[in-house]
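Common to both upcoming complexes is chain A, partnered first by chain B, then by chain C.
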Partner chain A sequence: MNEIILIEDRPGRQKQFLDNEQFDMLCKKSYLNMPQEEICRALINEVNSNNTSSLLRFSLVMIHRSSLNRNGLKAIEDLCNVQKMDLILFSGGLSQLIYAKEKYQSLSLNSKEFYNNHLISFLDKYSQEKTTSLLELVYQSNWKLELLMRYRLLNTKEMLEKDEIVKIILEEEMKQIEKITKISSDSVNSEINKIITSL
Partner chain B sequence: MNVLLIHNDNLPTILVEAFESSVKFNIGLSQMMQDGFSFDRTSHEFLEKHITSKQFDTIFIPYTLSNQNYLELSGVRLALHIRLTPEFRHTRVPIVFIGHESKEQIAKLTEFPSFLFTSGIFSTDKFEYDSYLKIYDWLINKWKSDGEMAELSPQDYEGFLNRISIDPPSNYLSHHSIDNELSLLRWSEYLKCDEDIPEVKLNIQTGLFFKYKKAKNPIQSQQPGSLFLIEGKAKVLLIDDEAQKGWEHLYRTLFKTSPSIDVQSLDIDFKLNPSSIIIEEAVKKVERYKPDVILLDLRLCDSDFYTNISIGELTGIKILEKAKEINRGIQVIITTASNKAVSFETVFTKGANGFILKNGDSDANSVINSIRYNVSNCIKRAKVLKTIYSSLDLSIKKWDAYNLPERNNITDIFHDKLWNVNLKIQVKDFLKNSFSTLENENLAERFTMSILLLYRTIEMINEYFIIESGDFRNNTIQYNFDIDNSRVPKINNNGINQNPSIGTTLSTKEKISAIYYKLNGKENQPLFDKINRLTTYRNKVAIHPSKRFKEESLEYLFDNDFQKFNKNLQEYFTAVFEFMNSLK
Partner chain C sequence: MAKTKYDFIKELFEDKKINQNQRGRILELASREISLEGTLEERVQKIEEILFSKEDEEYKSELIDTFEFFNEKTDSYKENRKPENLYKHSKSEKKHNPKKVVEWLKLFTLDNSTLKYCTHLWDEAGLFAEYADFAKRIDDQLVKYRIFELQKYNPNLYWNKLYPFLFQKELTEIQKNGKISFGWGQHNIKLGWQYPDVMKTWCNEHYDQKGKDAELPFSMQLPAEIRPSKPITGKTIISFEDVVNIFKKEIEFRDNDLFVAIKGAIRKELNEYDININELENLKGCSFYTNTEYVIKAITRIFWMIKLRSESNRVQITCNYSKDTYEYDLQIIHFNSFSDKEFGHPKLMLKDNSGDLSILRTTLQSLCDFSITSRFKDQNNNQVNARIEYLYNGVEQNNWEPKIEKITESIEGFRFNLKFPVL
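This part shows the complex of A and B:
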């Protein structure tokens, strides 16, 4: 089971996005550590003082970005990098969702997008090691659309690419997507159209 | 072809290389993990660097600029920055999106669908440079009628603004937070201290929402204002969850030419504490600092932004009520951003003394003048009311504890055995009303009216302790103490006449001196002098007002000689409190 920690220093804000039932459900999840009030503040102080030892056992760290200072951000980055942990940073001030999986998987998004109605089901799946991408939190089952659209662009890029090495890299990336989506290049367009039409 | 391609190596290399002007826009993990990172800020800085000094005819951008999440569609947001930032000088340039998808398909996936269908937005699913040459040729030569520039006309641009909609980020919990930030910047610009709030300034300059708001409602440019002097020593307390963001600095700047004004703010983490703790800390601060004026925001924590919250539940309103319990003389000016739920009238019924609306579109000059008037006026009021309220509060407590003896002789039909109980209530009521009248700025002669109510309290006490019999018109009047029926002496500047003859009248001030002498066994000349001046004021100015005494009225002195006004008023109240509290 993947263990997850949610570090939210503004419980008032949390209650704006989650109703009581959702909040109670989150509190009851055995895989989820959700420190409250003094404990939460103490943990944030630790992280901001470069001490992330309390977070070592988690597979996914979800943290309110604004609670971290420069030190804290660096400490979290180092931790995720070394431990290959997944990271979700949320904040009310983030205007654009950003996803990266360069050294580790990370998602940066607005609090409103983070506290969505699918948060609990996503966390359930994540804890059971049944997720592939953090993007599933935001796009749910349509996250495959992202793969297909990216695949289509990679395909175009690869076809027009003259540099053999770049071509190989692109092909490799496409193969990985094919493995996940199990869709052949012939049916990509129709599959994308089908999904978008259903939206 | 005078065009720019913005990409992130996510287009075929051969296509990117064919463009004479192309620039890479990449936001990855390293940027994301930087302190103070914001997509809008990074976009703004990127565009400022790459397009401001050029003049492109067309800009090509792929729908998405991410190599790891196609659905980010960050190209659309970047294009909106181009459209909404006049400083970049490309607001009307045609923009062509690149992607396999149609605009209709992207519209289902982006948060800005209507933008795609505004004038000057095109899309292509081609990835060969020749196709782009054709598009460019069509745009330059065929898109607009002969003689028209290949760019959005003013009408097109207006149509674009009317069609799109951009929501604020969710950290702006309501319109309140947006106006709060906008007004902070505008007022700081006016006071020339905006360089000291770089975060707010940058946020408003670079945030897409603020760019949209500015384009929709252009703000008239304003001339920086001059500073001004507020006279008198005073303590101003700021209670605002955004104090550290810049409001404290703004007020300090506002008062920096008035060195006798001390400004402090409630230093607490508003975001992390619940309403109850904020109220508790505010009360402690008010008790410790003893401010003359409080500048108070109403929404101070997350729970104040719940949609179903009533005005009475707002943290600011609760602090207002508590501050008034501590001392009604403390002047509270509400400083709040526009919100339908908080009306001007409501805060005044809750006891507020001033109201400053934080409105991002307001004229800074008139707002700053309004703050000046509000604060100056409140400082003057606090100087009068705070001291009087403290003495009043103490005197009422002593009066409550005083065991007023029962009246022995009931000589009229208006009183009964409960006279002592009623007197205690009546005196308190008159004192409180006297104070409320002082506070009421709607009354033209509030000071004089207040003195009449105050004076009535000593008359009531006199009537209680002294039995008056006979009639002064036929020289049969005489005065006896109710306590032991002994004769009331006549005490004045000529000395004490223990046994005045029948028919000798006693004035109110002489009765007070006699009661004091009877209960304390000694004279009190200073108190007698004070009562004398109070009586003179009451008789000359309040009861018989005439032009002759106009310059002696408290109303006149308030406007023309505040020091004398305050000295006289404090003395009138002190005289009554001293007399009341001398009763044994």
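This part shows the complex of A and C:
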């Protein structure tokens, strides 16, 4: 079983995005460690002081990005790199979803996207070692199809967009999808058809 | 010394009595006059120098009137505001201390501080009884952390970002006179926490004394008349949360923001230049607090400087974090381009406070340490490699004199270094 830790220094936010039933379910998950109040603060202080030893036993670390200072973030990234642990960073200030799997698998996303209705089923599946990508948290099991559909949409948007900065943001997201799915822009449509036919 | 036509134009701009129309006419006439001399770049630069110094003057004139903007009249309130009042009447002086500015900007992440709740969702029940309580606490923070001192470190960051978004309660004198309109940041957003009283009115109806049924300020929909007419970086601005997110982008580069902004500036200014895309990738993830608009302004100006020198089209841009010094070193190198000016050259020593380097020093004041490295000439006309520091620790005590350090190692061209602290 994969063990998971959720480090959230703002419990009010969980209650804002999750209903009581969802919150209670999360608390009861045996694979999930969810430190509260003083324990949570102490753990964050440890990480920000370059001490990540308390996180070693987990397969997936999910942490509020803004609770970390520059050193804490670097310490977590180094830990995940060395131990090949998965990492999810969430924050209200993140406006775009960023996924990478070069050094280790990581996902950065907005808090609203993180606390979604699929969070619990995703964690269940992850703990049972049945997930293939962290992107399933957002796009569920058809994440590849979802990403390719999104790619097609971004492509159209990019062609119509006049603001150079927005164009760059769209291009970057498209590049990211190309990297994740290993699909070039020419083969997107045929790949989508292939997946849909196989469903 | 005889006055030049540029001095005359500058004087006209500095005259507070001229109105918007007159200012426009002067600019038109000036551009006609300037258009007779020099290359296109030189003419554009001259107009910018005039406009830039005018902008600086507007901040100075604001400095005189600030205290009257706070219209609370109680004795205890006045007593509370004493440090700010004394400060405002002290001698106006500019200061360079990037760490201090980052300390102020990091207050927006300080746990349980009111400033944190200016930029973060109110996700704890009963944080503030009512809007008036929140507004008072914002004002208290201005005094407690002496945020008003920021105006001497980076005037634009204070007057065009923090002050209108957080503290402003009514129009400033210069706004009342119609010389400029209310609005903050690069996108001229027409709404702050305290001015106009849109948020106050909304909270009276939806938040104050509502307990569990209260709606939170971030969910407030913007009235049509103050909504930006166009999407901002692809997003339609409809709620106060969107406004808060715009403010956050004004004070911090986060994740890929610096990469995207620099790539945008390259496409606009250095599209034909040879810049290694893979090298640019290391700008991704560089996150730090600053005045993002002014950093990009400075980088764009550096690109203009590079365009003026045709020695080569190879440019390298990197940004690396140093664990030892806790700072990002943003480095822009124009290969095979050398200054070859004498050390005493007025444009290098910023003698007349004019020229691109002088504008860069003003733009980057208290945002980062700033230096250039290139080949110069000494008093005997010998070529010498050297670094000239324009913004550094102790520059005020050194009367803002550039610091020259001769170096022995070989250099690759003309290098700009901008060092941003991370706390």
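One rule holds in what follows: the second predicted complex is superposed on the first by the 146 of 199 C-alpha atoms of A that agree within 3 Å, B and C clash if a C-alpha of one lies under 4 Å from a C-alpha of the other, contacts with A are read in each partner's own complex, and residues count from 1 in each chain.
As a convention for this text, contacts are C-beta pairs under 8 Å (C-beta built on N, C-alpha and C of every residue); 3 or more make two chains touch, one makes a residue touch a chain.
Since the structure is predicted, the reported quantities are computational estimates derived from the model, not experimental observations.
By the touch criterion stated above, A:L199 is placed in contact with chain B alone, chain C being left untouched. A simple residue count on chain A separates chain B from chain C, and the partner touching more is B.
In the superposition on chain A, contact of A:I168 is made with chain C only, not with chain B.
When the shared chain is aligned, chain B comes close enough to touch A:N110, but chain C does not.
By the document's definition of touching, of the two partners only chain B reaches A:A100; chain C does not. Once the two complexes are overlaid on the shared chain, A:G92 sits against chain B and chain C alike.
Shared-chain residue A:Y139: touches chain B; no touch with chain C.
In the superposition on chain A, contact is made by A:L160 with chain B only, not with chain C.
When the two complexes are overlaid on their common chain A, residue A:K84 makes contact with neither chain B nor chain C.
Once the two complexes are overlaid on the shared chain, A:K130 sits clear of chain B and of chain C alike.
Common to the chain B-facing and chain C-facing surfaces of chain A are residues 9-10, 12-13, 15-16, 69-70, 74, 92-96, 98, 108, 161, 163, 166. Contact residues of chain C toward chain A in the complex are 109, 111, 120-121, 123-125, 233-235, 245, 248, 252, 254-256, 260-261, 263-264, 267-268, 287, 321, 323, 326, 422-423.
Those residues of chain A that touch chain B in the complex are listed here as 9-13, 15-16, 41, 69-70, 73-74, 76-77, 89, 91-103, 106, 108, 110-112, 135, 139, 145-146, 149-150, 152-153, 156-157, 159-163, 166, 189, 192-193, 196, 199.
By the touch criterion stated above, chain A contacts chain C in their complex at residues 9-10, 12-13, 15-16, 66, 69-70, 74, 92-96, 98, 108, 161, 163-166, 168-170, 172.
Interface residues of chain B, counted against chain A in their complex, comprise 10-15, 27-29, 32-35, 38-40, 62, 66-72, 74, 77, 99-101, 105, 108-109, 127, 169-173, 207-209, 271-272, 274, 301-303, 305-306.
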